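As written, the chain order gives the labels A, B, C and D, with residue 1 at the start of each chain.
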């Protein structure tokens, strides 16, 4: 099965070939590297930008204003925070011009902890992103969703912030992407040759051309639709990204006690799927919102507010948020990382607490 | 320069000035709330507009303006009523539907990208439209303007750097209108060197500094440098020394600077044309009178147009139903 | 009584004279203008920076690292969004260096709508600010609190984000600042002479020197302490800044129906006064959180989460947030501005809705 | 250059190299997780450290380093164990308590400001410490380093601009160590001109470009320019051409570049000193052997030191009880 990096690469290729993508760019996005996580290897419109995130967002906006279809990348979500004013401009351009100018761009950036990334390769970005009006925001957890959401993002004429999880970028999927060849075959076809040093890599890739799978489709995951990961009767977990998998592990533990957990993978954070969430909460009456961003003005607090507003009298226990610790960063040592972002044990603890709450 | 052109520029100067003065008055009442604009820059901004190629799409020029470019817009053909509609924040304001401050243009039919209040960010956006133009071919260019103080932002460097990438030089005309002030802070307090444009050299970019209060100098040099950018498909940086005749904005005293303290390019040009007998003093004064009158009438007219509604705040955030 | 601008100016003067403030700087902060809102007129350490917010925050950080005590200003909160990465650095410097480096700086910026400021002179900043770890955040609503909080901010060895409301900057206080002279006298003493143009202003101020009131004290409003603006039995409003006054007007309307409203002015947003809030909510059982920032990942959602967590079983109605509209900006026309940020009528409507909610 | 100094520099080079190689090995196991550092920059970075004046407060130099300055820190007197403590993220890591990546120094007793992962922001902070130093008087200066690719950020412009404000020039030594790469992107792809330092001219700032793989050139020019900054109290920009012998970081293949493709300044210096009979080849090889051994032992030693605890994540966010 394809990894998320391969899935994204195939979706970008599909975008170039069939959806009018004109520019895929960012730091080290073009040859020879094709992205620090291999996402943009072998793509015909990929190019290397200067090391300058403001210039990347600004140029993407300019390209979009001139009718192009850019997909830009900020190498790590940790380095997007010098562009917030520009992201606000991107988000308000259509509205400020009273509907005259479209800004059909996609901004991709990799987020989250879980790989010993230390202070500056562990940041979440969704909470601040969601506070910026005018953007749609997606954050897939599987290669198939990553493919389908990227196709949808490219097709969307509005700015889309495409976040994707660092910890899952190399994880293989469990579902086939339409048109995806067999695993080793896929690797042979679209993974660029590598080497011990940059010099070797450059050399090896000079003559290399990817062989793109013929059968790729415009398979889409609609923006705004959550995924029911597993159904349950007793409690709902609303989460996304890496924590979908941690939630599943926690749910498995609770299952031993006969507690069944419903898990919702939001996939899109703006606009998010209120229907699926509210329906589930109405059924279970108990809910944990789970993510790894820091807890003050956390996106989960937004979800909680809406849940409270719409399901207050149906809740049988306090709804809760389990988020990252309120600290300035994720420390490098494993002890620090594990204590800074929710782990399976923490999730189990919270789920049990909610389930055992007696009003 | 042909006589007709000379006269046309004077007429545009008068229109621009009367329009701005009309809006300054509005800013002192509930009619406008606020004003900032371009009196003192007309000798440069009008030639810029006359030489530009407005239109929609890659065959035309793209514009990323500062908030002092009303005269440029007029020279490009803007109906002064449209500007008044924005100043009076009517629903009919074609640039922003009554949402944005005066002189914050946006006109997709002319490739006039939304003027942003955030100083200097336009320099970071401009290389993007120019990149599309370079790829497209033809002679369309990107024109981006800014003030002197704003060049302190990092975006100044970013614009120049992205416009000069090896093998990817893009056709941007970078313009600094240097009025030697940022609100109350004088050029001498914050700028280490005599000219801002000189920094372009460090990027291998051509540059020049001109007297932007002189119509003929501006027209000639703009003709040359626009031609360079159009044909070479490379950037150029032009700094124009201009006046700021009504101060920074209505918030910091929109009153004429003391007589003679800064050059009034309209007066200078009018005197020149009177001397050259292109126009009589009487005709010039009548022109001012007539344009003042016209703006008053326009204001009356547009004030009757509908105001934006409360519900409209939700319009145009996202494109739906694609 | 002093306006908030005068109160801040006096506190800055006190800071220069007695609390070691070394630099008060920002765009147009020094002579001749002394700040676009007159806050820094006549101050001996005030100077004009280049027009560059990143440089302002960076220099403030550098000065603080070198043992200075800078108070920097970003001219409008609307223009602080290109510095978020730097604000994050300021907030994580002490922690990242394992406690070695102190960053004793104050960053002042004026925020909020209510003066026909259009898209870019109406922004709120508290929600994003509160998401940045390592900062204390204050936001006063009266001149006296502004004075006392600025003294506390300067004395604090940690970075403090000092937000203050645009709409109230010229409003006179109702309480005397210790040592404050009579109103006309104060104006004569510390307001710089003005003139019709910048040229006149420069001229007039060349020979001008402020006469600082002799009796100013280090009156402090402690960071982290809310103010009980008025007591009530039926419902609690948790708010701050300009909306304290709108809440009072709304409460007066409700009083006609015999409903009494308790109003809490948070004053400090990080760390905020949980005790005062929870105590009040426990008493009234009903709560409205009120502010004008946009609603997704709004600081009020954070407060609501905590209220829900700590008072869930004491609430007799759904707690609510009344915030700004979810739009990219505040439009210029009055119709737009009034529709974009909560008005008295909106507050009355929400209060009535909460009070009439029958579980 | 005295013989003792020559030998001292070689020793430091060997120590720095053996330390980095020790850490590269660690990065391939759970001992380190990650590595990036400075092999290829020692001929420049060691003279820099030897000429700097570490200490606490305004009478000393302030440092805002890039993540390739380990050799500088060693030359300033750093115990290699401290670096290993960070690489192995021990609680005893004096720079960050096991929180930050290797080569992210912070040492208040030496005015070494925290190295940030955010490329180039240090250039926006440096004028701040220098402003305090200018006001204080004396000869303390601020030293800030960065790579070539990072100079594309707007912060590059900001640093230069704030350091050259009229009447407020501040004593900053701006250093670009140009290894002609940003991760995988070559200099030629993204830099419009031959030298980065030349941009300083646009700010009225002195500048120079040197061969940073040559010890003597580096030592001499650094002596001169540091003297200029110390005494003139004005900024200077120095670009040093250096090698990147182990690639960008462990994430992009921390393996030696192919033999001969980039100059190894340690080998060059050793050959020179062998020729000059300052050292024998045997002594040099023994030195490497001994230092490698020392680093292995240090690692064993520090691995026994305590790990940071989970609860410690909340330490040092705010200063309490003031």
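What we mean here is this: contacts are C-beta pairs under 8 Å (C-beta built on N, C-alpha and C of every residue); 3 or more make two chains touch, one makes a residue touch a chain.
Bear in mind that the values here come from a model prediction, so they are computed numbers and not experimental data.
Q: So, comparing C-alpha centroids, which chain is the farthest one from chain C?
A: D
Q: Taking each chain's centre as the mean position of its Cα atoms, how many Å separate chain B from chain C?
A: One centre to the other, that is 35 Å.
Q: Roughly how far is chain A from chain B, centre to centre by C-alpha average, rounded to an integer in Å?
A: About 41 Å separates the centre of chain A from that of chain B.
Q: Can you check how far apart chain B and chain D are, centre to centre, with Cα atoms defining each centre and the answer in Å?
A: 46
Q: At least two partner chains per residue is the criterion; list those residues in chain A.
A: In chain A, 50, 52, 54-55, 79, 82, 85-86, 95-96, 119, 133-134, 327-329 touch at least two other chains.
Q: What residues in chain D touch two or more of the other chains?
A: 96-97, 99-100, 116, 118, 121, 152-155, 158, 161, 165, 189-190, 317
Q: Name the graph shape formed by the protein chains and their touching pairs; answer line, ring, star, complete or other.
A: Per interface graph, the chains form a complete graph.
Q: In the complex of these two chains, what residues of chain C are touching chain D?
A: Going by the criterion above, the answer is residues 22-23, 50, 52, 54-55, 57-68, 70, 85-86, 89, 93-102, 133-134, 136, 155-158.
Q: Please give the residue numbers of chain A that touch chain D in the complex, ascending.
A: 27-28, 30, 32-33, 36, 48-55, 78-79, 82, 116, 118-121, 195-201, 325, 327-329, 331-333, 335-336, 338-340
Q: Touching chain A in the complex: which residues of chain B?
A: Where chain B meets chain A, its residues are 57-58, 62, 93-97, 99-100, 104, 106-108, 113-114, 116, 118, 121, 123-133, 135, 142, 154-155, 158, 161-162, 165, 315-319, 322.
Q: Under the touch definition given earlier, write down the residues of chain A that touch chain C in their complex.
A: 54, 79, 81-86, 88, 91-92, 95-96, 119, 127-128, 130-131, 133-134, 270, 294-299, 301-302, 304-305, 308-309, 312-313, 318-321, 326-329, 359
Q: Chain A touches which residues of chain D in the complex?
A: Its residues touching chain A are 33-34, 89-90, 96-101, 116-121, 149-150, 152-154, 181-185, 189-190, 247-248, 251-253, 255-258, 261, 307-314, 317.
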